[in-house]
Amino acid sequence: MSIYLTLKQECYNANMQLPKLDLVVYTFGNVSAVDREKGVFAIKPSGVPYEELKVEDIVIVDFDNNIIEGNMRPSSDTKTHAFLYKNWKNIGGICHTHSTYAVSWAQAQRDIPIFGTTHADHLTVDIPCAPPMSDDLIQGDYEHNTGQQILDCFVSKGLNPEEVEMVLIGNHGPFAWGKNAAKAVYNSKVMEEIARMAYLTLQINPNAPRLKDALIKKHFERKHGKDAYYGQGC
Amino acid sequence: MSIYLTLKQECYNANMQLPKLDLVVYTFGNVSAVDREKGVFAIKPSGVPYEELKVEDIVIVDFDNNIIEGNMRPSSDTKTHAFLYKNWKNIGGICHTHSTYAVSWAQAQRDIPIFGTTHADHLTVDIPCAPPMSDDLIQGDYEHNTGQQILDCFVSKGLNPEEVEMVLIGNHGPFAWGKNAAKAVYNSKVMEEIARMAYLTLQINPNAPRLKDALIKKHFERKHGKDAYYGQGC
Amino acid sequence: MSIYLTLKQECYNANMQLPKLDLVVYTFGNVSAVDREKGVFAIKPSGVPYEELKVEDIVIVDFDNNIIEGNMRPSSDTKTHAFLYKNWKNIGGICHTHSTYAVSWAQAQRDIPIFGTTHADHLTVDIPCAPPMSDDLIQGDYEHNTGQQILDCFVSKGLNPEEVEMVLIGNHGPFAWGKNAAKAVYNSKVMEEIARMAYLTLQINPNAPRLKDALIKKHFERKHGKDAYYGQGC
Amino acid sequence: MSIYLTLKQECYNANMQLPKLDLVVYTFGNVSAVDREKGVFAIKPSGVPYEELKVEDIVIVDFDNNIIEGNMRPSSDTKTHAFLYKNWKNIGGICHTHSTYAVSWAQAQRDIPIFGTTHADHLTVDIPCAPPMSDDLIQGDYEHNTGQQILDCFVSKGLNPEEVEMVLIGNHGPFAWGKNAAKAVYNSKVMEEIARMAYLTLQINPNAPRLKDALIKKHFERKHGKDAYYGQGC
């Protein structure tokens, strides 16, 4: 029996949430889950329909993109996942989709403004949209460079990936992450819903103001501060 | 056996309607039901997914926010519910969601104009949007003050909570109430649908006129006047 | 056994399509079916949720609004149905809903322009929007006058109810009809879809042209002309 | 037993995907599958609801529109399918729908701009919108001429139907094709999703730029180039 069975199961479960949450059509998405101790992550195989996906199809890859276990080719976005795991030591799962509203903001090349408490419950800044890649990076190691592009965006904006767990890639779409694969999927769904609300908000009032600082602070700390009082504290 | 079992069951049933009616993703909502005789209300525990929620998880709280029965932490919005029950003696249930279209109007900081008979069947005025809270109130007892903010909005606009059973909190989202928890959920769904229609109406005709007074009066009285002739009269 | 059982069953079946086709929330809709020989029609009782509706709840009413059979109060819109059956001898069923996109056009007080072949497959003109009623008619016999308002709209525009089987009432919502109740529901669904497409068309191109006459004629005759070649000819 | 049973089954399966993928209401769509060796294609009968459709209802037609096998009248769009199979030797299936967003772009008479990688994963150019037909062609052999119109559009724009597997007909709606019927349906769904994202993109940013050439090339070759590395290579 594979020593990676638990990890594969976590990855499989998280991937199977994507169609249930209406975050994907066909195979337009992938989730990975990391095992820091073993130095590997589990990721969806490329182009396999969700209704056919099995736990044993999940591929195990190390942070240098070597396939450690599995008979199938891993997701074509694997190098982006590997890059982020290598550079951000505290994330446990990554989710990439082409969900409709998040993609539309990415294609519009705009950060998603923080308009309300639904947003502030999850992060205190606009959801950043990384600019499209330069041509030489595209022609180089594209998926690896997509990871680089996310990292550069976070460095240049002074963002902490443990506080801001989501990003848009200009012209492409969303990536989200979290302490594990389930949380990465959760953040993808939240981002999609925030993207939809922000779109509607601007349609109703093109001059809608950003959320005031006091409310941003209050809502985020309700859920994430040291005196957080949302949830059952476990 | 708990003397609050019936109340918990009413609260549980109403909460379980939220995902069925597409009013919530994850745990972004909560419903409470009051027992005026016993001076308590039942409310959803904080952060528990709907698919895991059980009747016995429902928490019993009094109007001063003391937990009377239950092992879980009540919704983080409990103080808002308590405040409204304390001040409005005739309401029997309260529902708070982050439903998409209602939130978008709240983020746009606009009242929802009364554009048609679907709206007038339920209330005779625009759905009010309370302004965002002042910074000192936010930094104070936030959820209590959210109740205060709703009350202030109704007082300043001369609205009666038995006639207008819904409100938007600027930058946050909708609250609705009614004679019981089921009616509060009903009003939340109606508000979401009205919010969606009003949004579309303005997209089709930015100069769409408000509904004329004679039609407002006619439709509301058809359903709610002393000679109401909608429904089976029970 | 009731001599109206078949008629009630037709009416019941058609009503039960409304929630399946996403044309209603709660009880915001009603369908009727006529029996010309007996001079009566069957209609949904007022305010009864679809999940509780039973065949025997359906109410039988004559064209002067007398209840002929049934223990429940008929739909509050019954007089509108009676008026239309009385004046338009060849229609067999009527459907009224508050479907989202059709209501939004009605609230915007605009005819729905004929933009494409989906529309032309069903009617050759814009879907008419009757103007809101004058105040004295509203204060009079409101539901009867709603029928009058529809009739006046068709007379003033020179429309034939056997060719144009749908209308919007300004500020209110859609009515559709057809040779039987099932066809009335079909026309309601088609109108909703046409309303949605026309809304999106104008968002994408505010100067989108109406469909050219040759295409209007061609598509309508493909389905409805004397040499129609759509369907199985039965 | 029919020698066309396998072909009918392929055609039936593809047709039954349309309601599951939310690409049709009622009978507003049809899929065909070709057998090049036998010189025939299988197509949905006209006007038959999906819930009643059976494998044996599928009609077998040759490229000159003669019915080879089947008791029902074939889709009213059959001549368009025949024309395309006759002219484009390498396509194996065709799908026509009235899906909402694709129709809306067709009614707006606009090509769908290539805004992102979701689009570029499937084709490297804007999705072309053929202009509405001239009046004399409409009054002639309409469905045959619809095929001609698609062909002319591809010739005039220098497009290859093996690289661009989808088109909009101005004022009408989308056609898609592929190596088989399942792939034609897949392309219809992808086109609908791309149409929806492009619509939202322009709402969020009316000046959204087209995707840069390097990204167009990169994404298309990832999936379709000679060194393609998406999927399992089978």
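Letters A, B, C and D mark the chains in the order given here, with residues in each chain numbered from 1 onward.
The working rule: a contact is a pair of C-beta atoms (placed from the backbone, for glycine too) under 8 Å apart; a residue touches a chain by one contact, two chains touch by 3 or more.
Just so it is clear, the model here is predicted, and its values are computed rather than measured.
I want to confirm something about chain A and chain B. Since they are copies of the same sequence, is their interface symmetric in residue numbering (over half shared, so same) or not (under half, so different)?
Shared-number fraction below one half, so different.
Report the inter-centroid distance (CA atoms only) between chain A and chain C in whole Å.
46
Between chain A and chain D, what distance separates the C-alpha centroids? Give it in angstrom.
Taking the mean C-alpha position of each chain, the two centres sit 33 Å apart.
Which residues does chain C have that touch at least 2 chains other than itself?
203
For the protein chains shown, what form does their contact graph take: line, ring, star, complete or other?
Graph shape here is a ring: one loop, exactly two partners per chain.
Chain pairs that touch, all of them, please.
Applying the touch rule to all chain pairs gives A-B, A-D, B-C, C-D.
Which positions of chain C touch chain D when the two form their complex?
It is residues 115-118, 186, 189-190, 193, 196-198, 200-201, 203-205, 208-209, 211-212, 214-215, 218, 222, 229-233 of chain C that touch chain D.
Hey, which residues of chain C end up touching chain B in the complex?
Touch list, chain C to chain B: 25-26, 28, 45-48, 72-73, 76, 98, 100-101, 103-110, 132-133, 135, 138-139, 142, 171-173, 199, 202-203.
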